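In structure tokens below, several structures.
The same subunit A turns up in both complexes below, where it pairs with subunit B and then with subunit C.
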Partner chain A sequence: MASVPTASQALQSQATADYVVRVEDLRVEFRTSIGVTYALNGVSLEIPRGKTLGVVGESGCGKSVTGLAILQLVPPPGVVTSGTIGFRSRESRTPVNLLEYERMGPEMRHIRGKSISMIFQEPMTSLNPVYTVGNQISEAVLLHQTGEHKEAKERAIDILRKVGMPNPERIYSNYPHELSGGMRQRAMIAMALSCTPDLLIADEPTTALDVTTEANILDLMRELQQEIGMSIMFVTHNLGVVAQMCDEVAVMYLGRVVEQASVEEIFYDPKHPYTISLLKSIPRLGTNRKEHLEVIRGSVPDPYSRVTGCPFHPRCPSFMPGICDTTMPNVVYMPDSPQHFVRCHLYNDLANHQAVPSGVSNSIGGNGQ
Partner chain B sequence: MDNDERHAGADWGEAMSTAEMTIGDGEPLPEDTLLAVRGLKKHFPIRGGLLRRVVGSVKAVDGIDFYIKAGETLGLVGESGCGKTTAGRTAVRLYEPTAGEVLFNDPQMGPVHIEHLTPRQLRQLWTNIQMIFQDPFSSLDPRMTVGRIVAEPFLVHKMLSGRALQDRIAELLTVVGLRPEHASRYPHAFSGGQRQRIGIARALAMNPKLVICDEPVSALDVSVQAQVLNLLEDLQKKFDLTYLFIAHDLSVVEHICDRVAVMYVGYLVEMAPTEELYHHPMMPYTEALLAAIPKPDPRRRSRPIRLPGEVPSPANPPSGCYFHPRCPYAQEICKQERPPLRKVAPEHWAACHFAETLKLQGVPRLSQLPVDVQAAPSAQPSTQAPSAP
Partner chain C sequence: MGNYILRRLLYMVITLFFVSIIGFFIINIVPGSALDARINQLRQQGGEVSYQEIQSLKARYGLNDPIPVKYWKWVSGVVHGDFGESFTYQAPVSSLIGSRIGFSILLSSFALIFTWLVAIPVGVYSATHRYTIPDYAVTLLQFIGVAVPDFLLALILLVFASKVFHSDIGGLFSQQYQNAPWTWAKIQNLLGHLWIPVIVIAASATAWTTRVMRANLLDVLNQQYVQTARAKGLREVIVVWKHAVRNALHPLIMTLGTLLPSLISGEVIVSIVLNLPTTGPLYVSALINKDMYLAITFLMALSVLLVVGNLLADLLLAWVDPRIRYE
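And now, the complex of A and B:
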């Protein structure tokens, strides 16, 4: 397969940066009775330590599945068919491949909720309605940090205070239904942060919230990130939130990362036609109104079908017949900014002139196994 | 469909009104008003106890005034639970209003008081008013073909049948960017954006004057959202439509609306032309809302104004100005007296005791921003790709 070697290229260029999680060539399939859906077709991305990586894309592009796969939580009938997920915790900097662990084995359970935790879009479905909020937070503390019930309660109240709950002692004994949407999301964040994780995977954490609540939650996440020094993988489709929150951005389309760069480059110097089209299709505050928005023609194709060549070619404004519809484009690094890569045939010229950074070994495969 | 024909046989009786209606504190309505609402209330009872007696009420909409001029788009914004959907539905009597007046200015028939109409008259009036709903998955019957969905208004009103109906369905589907042969398929075969187009075709079937768009794009992906917004704009020009655009996404509202009304806990707190409202808000809640919009621009990172507390419950609202417990500018008077919606500038209404004295921050115009911010790609579209091999 032509696209496979590109994943290791991705590693070589970025191996110097300190990362928490590095996903390489991750493939996930859902085998259903009416056919196989390829949710991830070789995702490679890296989450820098202490920073926020935004993962953006339209629905069905695989952004949530990527987050779930890191924690080995892809629901059946989904299966991870190939790839590696290198994880480097704060304590031991040697990367381990999470996919080598048993899904429900002790190592994975130790990592879940302690080193890597996750918050979801709809807090009501992830909080258990029959336990109090405090009970659910101290459960994680009891499991990973201390055996003392009294101490666990103190810590839980502490973290509730930290996430800005007005009356943490009372909230501790409240049930989830007694809280508003914003408060529930705060409770979710409190639960996720109770063990000071290395990485927080936030899957559309503010999509269900109002703008003023959303702004408060984002503010809170930023503050806590600085305090704890964790990394955040921020999965969202809202480009506004990405611009406000993230340091790096990975743009996904149909189960692949088509462009990754710093937030500055994504918004001011985007390369992939999909990224450019996405940015142009959102109304911009403070501009002339009543002008037509640019649209991306068509819509995301049906997941059961497979498109030959570049998956974006049927909708691409820069479509080149004979090239885009036949071969899958390789990852190309921008010469002037080594962290910025794009998967598009428009930039094939650049790939030929580019020197591959030397002296960097393909680390995770070697060290992790 | 001709309007005269549509209303033939209807006896509008006392609902017909030429009486002057005013808005806010006694302001006459603009001449080309299509819909005007005054003192509109909708209270939902709360029942409790053994006998399910009414023990209180949720004041979802508690006395609002607004008007929509023919051919314009009025945005109705606010946070969830503020009553914007209820306001839209009560205004056209999909919910029976608790109190208030609603004037619909039918171009052929003259002004009609909606609250006085009999059910039969109401059905006729509703051919002029249609709705587009938020969720394109639950607003289409999965067991009807697309053709049947779009045909239903004609069948209900016994207007067209046979060949003429088929032609009209094909025409409507084409107008919204679908193909006539889609009529025989079922909704599940369509994507979210296409389903929203079906919903729009159904709304257009009766040649309405007013379309109430209740969060029409919030369930759609950004690229599809742009397609639907463009379609709504094109249709407005083509068919001379008036929109009441209910939404919570303030960037979308800025893009599509001519005027915007802001709601907070059942009240209208500010109404102004879009430019004016976004650049010179005169009510602190509007300022906070605008500051909270996540701007899609890493060079415009802003710390939002932190509003303490939560949106109060409409079943148990605070005293005075409902916004005072969260308002950074609140004074003693705000706790005691609720400020009425009053005219503070031409076409600009605000409900705040200090509207004129507060110097509130709006969204800066793009042209006022530093040059490096203006240079964002969405402002300067160009691929800047090296030449294709």
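And now, the complex of A and C:
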């Protein structure tokens, strides 16, 4: 972002070195009585420090599960079967693998809400109806920052003021049902940011809100991001929001990241056929009303079945028989833009003469079979 | 809130008025009365009972009056604390019930406390450990608890208590304490007898409540705000007990509304089997013998407890869940 020049220059020089969270080859399965669903099939992505990574894709592609998995909060019967989640806090830059911590153990709980916070899609249901907003915010403060109830209350009111609540003292003792949807999402953001986390995972935080409120909430998130200097993992299916909010974008399809690049490259120079189709399907102002909106033909395959080769091949406009339906494509880095990678056979010839950057290693591309 | 309570109290009075009319009417249209039984008894004992005698008895109990007159007499008595006289027991209704209601309330309160103390933790455990062996065990016990009839369980426990503990069983006191004044030893004796009826009365309620608690908590645990609580870094114990359980208590509180009447009538079968001096058997015998004033007094007491219980449950619910507001 242009508004944080010094920080962003510093980040540029460190390139891939400075990340908050690096997910590598993350696999999550849901073992249900009617079969195993493979929700994540080797997700690799990196959330740069102080920046916003957008994670986009259709429903069911594993966006939300990735967010939950970082906090080790994948609900049962979901289990993380392999992968690493490297986390580097502001204080100690040495990465720790979060998956080595016990799910509900003290180390993991110490990270949740303090170093990594999460806000959810449905502000109507994400606050507990039987406790006041203030109680729920100061609960987090009491847990991670201070044992003093009076101080916790002051901090909670403070953060409520920061998220733009009118009359924060009153809101403090309000119950969630007394607030509107937008106010509740502000309260959630206040709760998530009360302990100045390194990373905020926002799982479609504005999907349930009207556009005006959405714009306000997005502004608020950007402001607070600069103030606290945190990273945001922004899970959404709204590409308009991505364009406004994000520095980098990871496009997911069927439990894999198929392309990750800076937001400019995703919008102006998309490589993966899925990304290209996704962008074409955005309705635009000023186009001929009689023209049909582009759609991606077919639909997401049923998650119990596993497609051989590239999982997108049955729907892909650039499908190459004999290659796409047999072999899983590896990760290929764009030679002219080392942060831009894509997982597609169209770019196989680039893979031969590329310099693999130190970031996400190529070897994890593997095949997901 | 104050207005709401006042309005509810007014509705309660109106409801009870109609209940008393309908109840009194129904009890009176049943042919025969406890008096007939007594006349039969007198005949067996001493031969003939003259027509005059029958008429004088009927006049004494006001049986020849039209129903509205009877009703009026009864209601005006009730206002002065006179609930009429029992035909069968030949004693004032108020003293008959008064001598037994203490034990009924004691027994039912213990049973309620036992039910909640067992059902809530077990239900919570069962829900948080769903599909594990302990959960299956609890589920099995629940089905047994609901399925086994009270009286059978009472008999089994009686046999068990007499064989294993060699305790004298049945009733609420041993022989020597039956009419003794209240002493520490008598209280101990009472507690020694109390556990069998408490367990028997509480068994099916516990099983049922555990089931309800488990089902509700499973619903609540899937709510987004439980995930929010976890994402805050709270310990699982606090996530479950602070954030989930309080949201799962509603149906349990609503059952409190119907619970008050069962305080005096719920333990009928168990009391008969175990020979307990509670109000339940008295109620049943009043209905069987068509003991008019005893029966209508019971009916009214049950109605009062039902409406009061519902009001209390509603107020308690508003206290637990701030979303519930009464205007």
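In the analysis below, the second predicted complex is superposed on the first by the 337 of 369 C-alpha atoms of A that agree within 3 Å, B and C clash if a C-alpha of one lies under 4 Å from a C-alpha of the other, contacts with A are read in each partner's own complex, and residues count from 1 in each chain.
Criterion: a residue touches a chain if its C-beta (ideal position, glycine included) is under 8 Å from a C-beta of that chain, and two chains touch if they have at least 3 such contacts.
Note that the structure is a prediction, hence the values are computed from the model and not measured.
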**Asked** subunit B versus subunit C on the shared subunit A, clash or fit?
**Response** fit
**Message:** Going by the contact rule set out at the top, does A:S180 touch subunit B (first), subunit C (second), both, or neither?
**Reply:** first
**Request:** Could you say whether A:V257 touches subunit B, subunit C, both of them, or neither, answering first, second, both or neither?
**Result:** neither
**Request:** With the two complexes superposed on chain A, say which partner A:A243 touches: subunit B (first), subunit C (second), both, or neither.
**Result:** first
**Prompt:** A:L285 contacts which: subunit B (first), subunit C (second), both, neither?
**Reply:** first
**Asked** If you count the residues of subunit A that each partner touches, which comes out higher, subunit B or subunit C?
**Response** B
**Request:** In the overlay, answer first, second, both or neither for which of subunit B and subunit C A:E139 touches.
**Result:** second
**Message:** Quick check on the superposed pair: does A:A190 touch subunit B, subunit C, both, or neither? Answer first, second, both or neither.
**Reply:** neither
**Asked** Between subunit B (first) and subunit C (second), which, if any, makes contact with A:S117: first, second, both or neither?
**Response** second
**Asked** On the overlay, how many Å separate the closest CA atoms of subunit B and subunit C?
**Response** 6
**Prompt:** For subunit A, what residues appear in both contact lists, the one with subunit B and the one with subunit C?
**Reply:** none
**Prompt:** In their shared complex, at which residues does subunit A touch subunit C?
**Reply:** 71, 73, 75, 104, 109-114, 117-118, 120, 122, 125-131, 139-140, 143-144, 175, 177, 188, 191
**Prompt:** What part of subunit A is in contact with subunit B in the complex they form?
**Reply:** 58-59, 166, 180-183, 210-216, 218-219, 237-244, 263-264, 267-271, 273, 276-287, 289-290, 292-296, 299-300, 317-318, 320, 323, 344-350
**Prompt:** In the complex of these two chains, what residues of subunit B are touching subunit A?
**Reply:** 79-80, 191-194, 221-227, 229-230, 233, 248, 250-252, 254-257, 274-275, 278, 288-289, 291-304, 306-307, 309-311, 363-366, 369, 375-379, 381, 383-389
**Asked** Once bound in the complex, which stretches of subunit C touch subunit A?
**Response** 222-225, 227-236, 243, 246-247, 320-323
